[in-house]
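Common to both upcoming complexes is chain A, partnered first by chain B, then by chain C.
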Partner chain A sequence: MTKAPAIRSLAPVLLFAAAYAVIAVVVTNSYYQLMLTLVLLWACFGLSWNLLSGYTGLVSFGHAAFFGIGAYTAALGQIHLDLSPWLLIPAAGVFGGLAGLLIGVPTFRLRSHYFALAMLAYPLALYYVFEWLGYQEVTLPMKRENAAAYMQFADPRIYTLLALALLVGVVLLTLLIERSRFGMALLAIKQNEAAAEAAGIDTLAWKLRAIALSGAVAGAVGAFYAVVQLVVTPVAVFGMLVSAQALTVTMFGGVGTVWGPVIGAATLIPVAEILHAELGARFPGIQGVIYGMAIVVVILLAPEGIFWKVRDFLRRRRPAEATPLPQAAPAPAPAAPARSDRAGAVILEVRGLSRSFGGLRAVQDVSFAVREGEILGIIGPNGAGKTTAFNLLNGFLRPDAGEVLLDGRDMVGRKPHVLCRAGVGRTFQVMRPFARMTVADNVVVGAYVRAASDAEARMLADDAIARVGLTAVAGRLAAELTTRELRLMELARALAGRPRILLLDETLAGLGPAEAADVVAAIRRLAADGITIVIIEHTMHAMVRLVDRFVVLDHGAVLVEGAPETVTRDPRVIEAYLGRKWAAHAAG
Partner chain B sequence: MIAGFAESFLQALAAGLLAGAIYGLMCVGLALIFGVMRVINFAHGDFMMLGMYAAWYLLTATGIQAVFGGIVGPFVAIALATPLLVLFGWLVHRTLIARVTGRRTAQLEGEGHYAQLILTLGIALILQNGGQIVFGSVLVSIRTPLSSSAWEIGPLWGDLVSIFVNKARVAAALVSVATMVLLALLIARTALGRSLRAAADNPEAATYMGIDVDRAYRVAFGLGAGITSVAGGLLALNYPFQPHIGLEYVIVMYAGVVLGGMGSIVGAFWGGMTIGLVQQLSILVLPTQLQNAAIFVVFLLIVFLRPQGLFGRLTERT
Partner chain C sequence: MAKGSLGIRGLGRRLLPAAMALGLAVPAAQAQQPAEVKVGLLVPLSGIYARPGAVMRMGAEMGVERINAQGGIKSMGGARLKLVVLDCGDTTEKAKNAAQRMVAQEPDLVVASGAYLSSFTLAVTEVTERANLPVLTLSYSDLITDRGFKYVFQTSATAASQAQQSLPEIMKLAEAASGARPKTVAIITDNTAASVASVKPMKEKLLAELGLKLVVDEIFTPPLSDATPLVQKVRAARPDLLFFLPTVISDAKLMLEKMNEFGLGQGKIPTISFGIAIAEPDLLNTVSPDLVQGVMAAVANWGSKGHEDLIAELKAKYKEPWMTQNAISTYGDMWIMKSALEKAGKADRQAVAEAIRTMDEGPSKYFPGGVMKFDEKGRRIGAGLTIVQWQKGTPVVVYPPALAVAEPFWPKK
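Moving on, here comes the complex of A and B:
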């Protein structure tokens, strides 16, 4: 990446910080000053939630766990060990990070709803534990001498400025992550975890990093909160409303963007506080009602948060120039080289592979070998076990029996990202684009597995995009592409990781003849470049001209194996496809 | 010594079964909503709170107490509050929830959930705090003469062991089980139940079969609210409540629903029952303050060891 965009995104941060600092210095009313501090703290907390949930899409209802651990670290550390918050806030960050890892390791085994609900349990369990430990109300001791060393200032403006520094730090951290391999990996996980894993991303490792970082930020924010409020109670730091606060400010402002939590906190916190101050006496809980209503209205009008709504609105205001017409003119396909002389040594071998789902034997005792440089077609009628076979090959599923040998090494039980690193790339039958990302970014995700740096990944990605002929649309969002372009993009994503073997799952499905010819040409070019290709298809038509050899699956087992000419004339194949009558017909 | 332990064990067991019967019903209401429409309703505890207040007002302000007397009256009030909550749930779904869920968003992965999560969170905030404005924050309860009397079971084993069960809780547990049975019959035997099951199983196929899936969702949401309102009313016979009570129980509900296998309605009942038992039996080994922490520990254990729930099957829709 060049430096220009980095500066362009830094400028608003610095402007915001400067403006906020000016306001903070001017405001003398201590109540408003506290509000200014709290806005920043809740924005930080929202950013911490955003780091995990906004970018990975795994909704956490339990961020209060980290917040509370941080708050109690600050309070108890000062009471029992007489340590200064200057030390305890970073320590709280460390504890929060550790808690993130401890929680993440078991909890990431769960998906979507289960993950969200399990997260709910941690802070609430901690809530009762801290109550039981006798920490119903912990007050930080006042330090008359040496107050600054204990972060106790008579002037509340200093807290606001410190919180502002914290916020700027967290914002920069988020921006840094957003632009790096880290952020790309998280976004890819959010959009499609399976595709991310197949593209060589170690999803568990990145998720753990995300939750550790998120927990660390939340812990530090919690500690700072304790220092500002001077009193810590279980309900104030572990309560459900704390977790809800992180979620609310972020979702209100915008999920998955650095500005979302800031906008959310800056809008909601003052509204709630002012309402409470003005009307709280006559209508206790009025701020909660208005708060709830604000959420409901925003969700109905701008379900992904204000930031995205405004951005989409602005985008619509200046159309045209941003979306150039696609002028994808793929290079003409080279003539198919003579088939027989391409095949080299065995690169991938499958022996006795079997897998059942309950009583259904999806794949039984399948064996075949793939030779370096060849195009192997796996065909068979619907339900023959083709996709299951691929899922076994690239590690999505574990076989009940059998071996998958890559260069003679058994790869059974390895995760998809490990296989991807070992050189097995794949595409999906149901396309799995990262819809909110540009074509270039989609492909970059696949490149990280081979790239040491962001720049190298970009290079690999550009190269892969060029090889499939999509350079003209590289800047567009994946959601705007046609089926043909999406297929090619998926091909490019798999290619960017420089695979030696490419598993293509029904890459031609849903394409018209002309489009299919385009994709076939692209595949041929890859084969000509020396990539071994295994392609699944249930229609034989386009395949006959493409592949060197067929493996025909039926009812999960290998029916026939051989050159296209022989396979298409084999009566057993005709029977599997068309039924016995036609087989007899063809034979006669 | 042994007799003493046996006594406290049996006492806790009885308390657990009685609490569990009510928790079970609560969970069923939530499971109905989740099972049919895959919506995580954060406001469900607050629906229950509304049901409690509805029953309380019906009892004290409409003369039900005078007509039916102190023993039957509360149950009549609870029964009459139920349709109000069904209607309320139906309206909330129609005006709010339907706009972010249903067939239109069924295709959305990940991001589609955000909207409904935060929407119900917003509704929860409105109900809790609005409740505080409307109802005040003084504890109220639906008292019946049964609430303060008990049957003695025993003495067993000579004169050593005898346990006491509160009459109101026994009555509440029986009503709860009866409601559960009625609901099970409704789902298994009626056309309405069939449409609910079809909508839950495969909304798209159900639509092709001429089932109004959106209507099924509305019904499920209303019915879920009504069922939980019954449970709330029964709970109120023994526990005083205030507008924020929903928060305490929404956790119990989720724990029970997950235990039972998300989406399984009968499972949710047993899940709630398990939570009741865990909560009460943990008194034997843990300090009272950790009673609720025990629920979460069990909850987490189940989620990790058997994410499909104790009674559920793996029917993850992909």
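Moving on, here comes the complex of A and C:
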């Protein structure tokens, strides 16, 4: 990351903070001042939620757990130990972070809505625990002397300024994460956790870091909320509405961006309060109806939040910025070299690999070896067990029996990111590009496994992009690419980790003949550079010109193994693909 | 209020000047002797506590009307009371916001009453204390007047005090009516702050002092989905008394119906509640009068002997069948405000607060027991309570004798 963009991205934050500070200082009305404080607090809480859920896509319905732990830390710490919030707010951050780890370890076993529902349980449980402990109502003792030491200020502006400092801190933290490998890892998890693992990202470790940080921020915010509110009750800090508040401000403003929660809080908190103040005493209850309907309308119009809606709108208004459509000029493909030249020592060996799903024996007793520098094609009709075999190779599935030897070492039971580190790269049959990120950012995700620094990762990514011939479109958003370019981008992402073996899962699927030729040329260039390639394909056609050797799978077992010319003529292969009649025809 | 909204909308749009102008203009607004004195009522008018809040508003409106009809504040040239009503919503955050709005936007408001739920009162008084605005409250929590605050005044006996006062009376009542002193008791309570605060002193010492043995001790989280397990425990233990403390009316209904189903209802096991939930008019919407016949409740205040004209007005004007604590206490608050204003002689928060602190007016007309005088904590001195009993579809006051409108009867086993 160079200095200039860093400063450019910080400018709006500092500008916002300065403007907000000016408003906070000139507003003398204590009620408006309280609103100014609450907007910042709920924005911080939204940012904390965003840090976990916005970036990883794992929706948490239970952020009140961290918030409440923080609030009670501040209240009970002052009541029982006479400690100052100046100490207790950081302490609440630590407790929130620890709670994040404790919650994360068991809960990250779950995915998608199961995760969301499990998260819901934590604040509910804590709610009852704190009631059972007898903390139905606690208040922070009023300090008439030495009040500032206990964060009790007569001037409400100080709370706003402190909250602003907290917000700027959290925003900077978020921005820092967003631009580092941390943020890239989280985004990769959000788009496709399996692909992220395959790209060498230790997804569990990053998710735990994210929930710990998120919990820490929520804890500190909860503690600050207690200091402002002065009264803490279980329902006020562990209640459903608290968790919902984090979701509402973030989803309203924009998920996965630092500005989302800020926009959401700055809009929703005052609107709710105005409605309440204006209508509450005259038409009791109507404020909730209007508020709810307004949120529904906005979510319908801008499902990803206001920030993205506005940004997409502005982007459309400025088409001039788009780069002229460059033809990804493919470097001249090397003529297929003599095949026998390339086969070196055995780099990957599979022995007696089997895996069943219930009664279905998806892969049975498969053995083959891959030699350094060769292009091995694994083919077979639909349902032959190709993808299962791949998943066994790079750690997504554990075989029931058999060995996977990489350089002679058994790798069975290792997680995908460990295998990636050991030099096994992989692409997926179903493409999952990170649509809102540029090509360069998409690829850099795959580079971190080899890179010590962000700069090195960028370099590796640029190199990988160049190798597949996408340099001209590196700055474009992935959403704007063609299928061919996307395939090449996925290839580049796998390449960026500098693998020695590349497992390609149906890379040619969905491409027309001309496009397929492009991709084949790119793969051939990689092989020429010394990367060993194992490619799965469903159709044989394009493969014949690409691979050195075929392994044909049928019904989970190896049917034939050999050079393309022999394999394509083998009656057993023709039978597997086309049925017995055609096999007889071919033989005749 | 209209001005206020303009300001904050501007603020939302970062239109600085509006907010600024308003914020700075506010303190200068008061000048000559007001022909009107603003008094506040900060109660829940939306959300799940809206109903008690609405009843409090009825009491406040009746009080203000009568005071004004009788010539307003005489020491201030007959100034009229003007009631400013604010909705404190259904969360402590909304309650605090409303309180902050009250002190900031209504600078000439001199005294207020609120805020029903003790959690709300705690949050509200954190704000009013710092703004030197005196607040009267009917909330029970001991914590409200244990914080060393100088601007909050509790007209009800605190939860701990209510338990301490009512238990001996209940024992006496039982002994006189049934001829035998109860020996065993079951306590079934929800885990809300008020209920827990009532039960705590019982378990800690009161039961032991009275020689009562606790045979069932159950705490539930409202709302109940099924009262069967609770009632089964009571049936198995067959206590002489059942203390039942619900806060949510549906819980009261479930429990009473299940008691009846198990053959324990209608006084087979004398049932005593604490707090207002079991004597609310709403209970009759879902429960038949037979089912609650004989059930008693210890409540901080109730429309009773001497309040006949008030009860009649409440019935005629607001269609309320009887006068609960929420109506009578808030009505009484208006009269406390009136006499404090008379004494202060000016619309000034500090002066009114001081007038309440030094108030000494002998027996109180609208609050049971004790006198119209507050101790240094802000608790009404000698604050008593009432015991009401459901008799033929109406909760009537049976204790203290001075306020009782009916004789208590002790359900026969």
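Methods note: the second predicted complex is superposed on the first by the 583 of 588 C-alpha atoms of A that agree within 3 Å, B and C clash if a C-alpha of one lies under 4 Å from a C-alpha of the other, contacts with A are read in each partner's own complex, and residues count from 1 in each chain.
The rule is simple: contacts are C-beta pairs under 8 Å (C-beta built on N, C-alpha and C of every residue); 3 or more make two chains touch, one makes a residue touch a chain.
Just so it is clear, the model here is predicted, and its values are computed rather than measured.
Looking at the shared chain after the overlay, A:132 reaches both chain B and chain C.
Once the two complexes are overlaid on the shared chain, A:235 sits against chain C while remaining clear of chain B.
In the superposition on chain A, A:359 makes contact with neither chain B nor chain C. Of the two partner chains placed by the overlay, only chain B lies in contact with A:118; chain C stays clear of it. Legend: residue contacts after superposition of the two complexes on their common chain; A:285 is shown touching both chain B and chain C. When both complexes are aligned on chain A by C-alpha atoms, chain A residues 128, 131-132, 284-285, 287-288 touch chain B in the first and chain C in the second.
If you check the complex, the residues on chain A that touch chain B are 57, 59, 106, 109-114, 116-118, 120-122, 124-125, 128-129, 131-132, 190-192, 240, 244, 247-248, 251, 255, 283-289, 291-296, 299-300, 303-304. Listing the residues of chain A that touch chain C in their complex gives 19, 22-23, 26-32, 34-36, 38, 128, 131-132, 134, 136-137, 139, 141-142, 144, 154, 229-231, 233, 235-236, 239, 241, 266-267, 270-271, 273-274, 276-278, 280-281, 284-285, 287-288. Listing the residues of chain C that touch chain A in their complex gives 1, 4-5, 7-9, 11-12, 14, 16, 19-20, 22-24, 26, 45-47, 50, 54, 85-87, 89, 91-94, 96-98, 100-101, 103-105, 118-119, 122-123, 126, 129-131, 141, 143, 147-149, 191-193, 196, 221. Contact residues on chain B toward chain A in their complex (touch as defined above): 38, 40, 96, 99-100, 109-111, 113-115, 117-119, 121-133, 137, 243, 247, 251, 254-255, 258, 262, 287, 289-293, 296-297, 299-300, 303-304, 307, 316.
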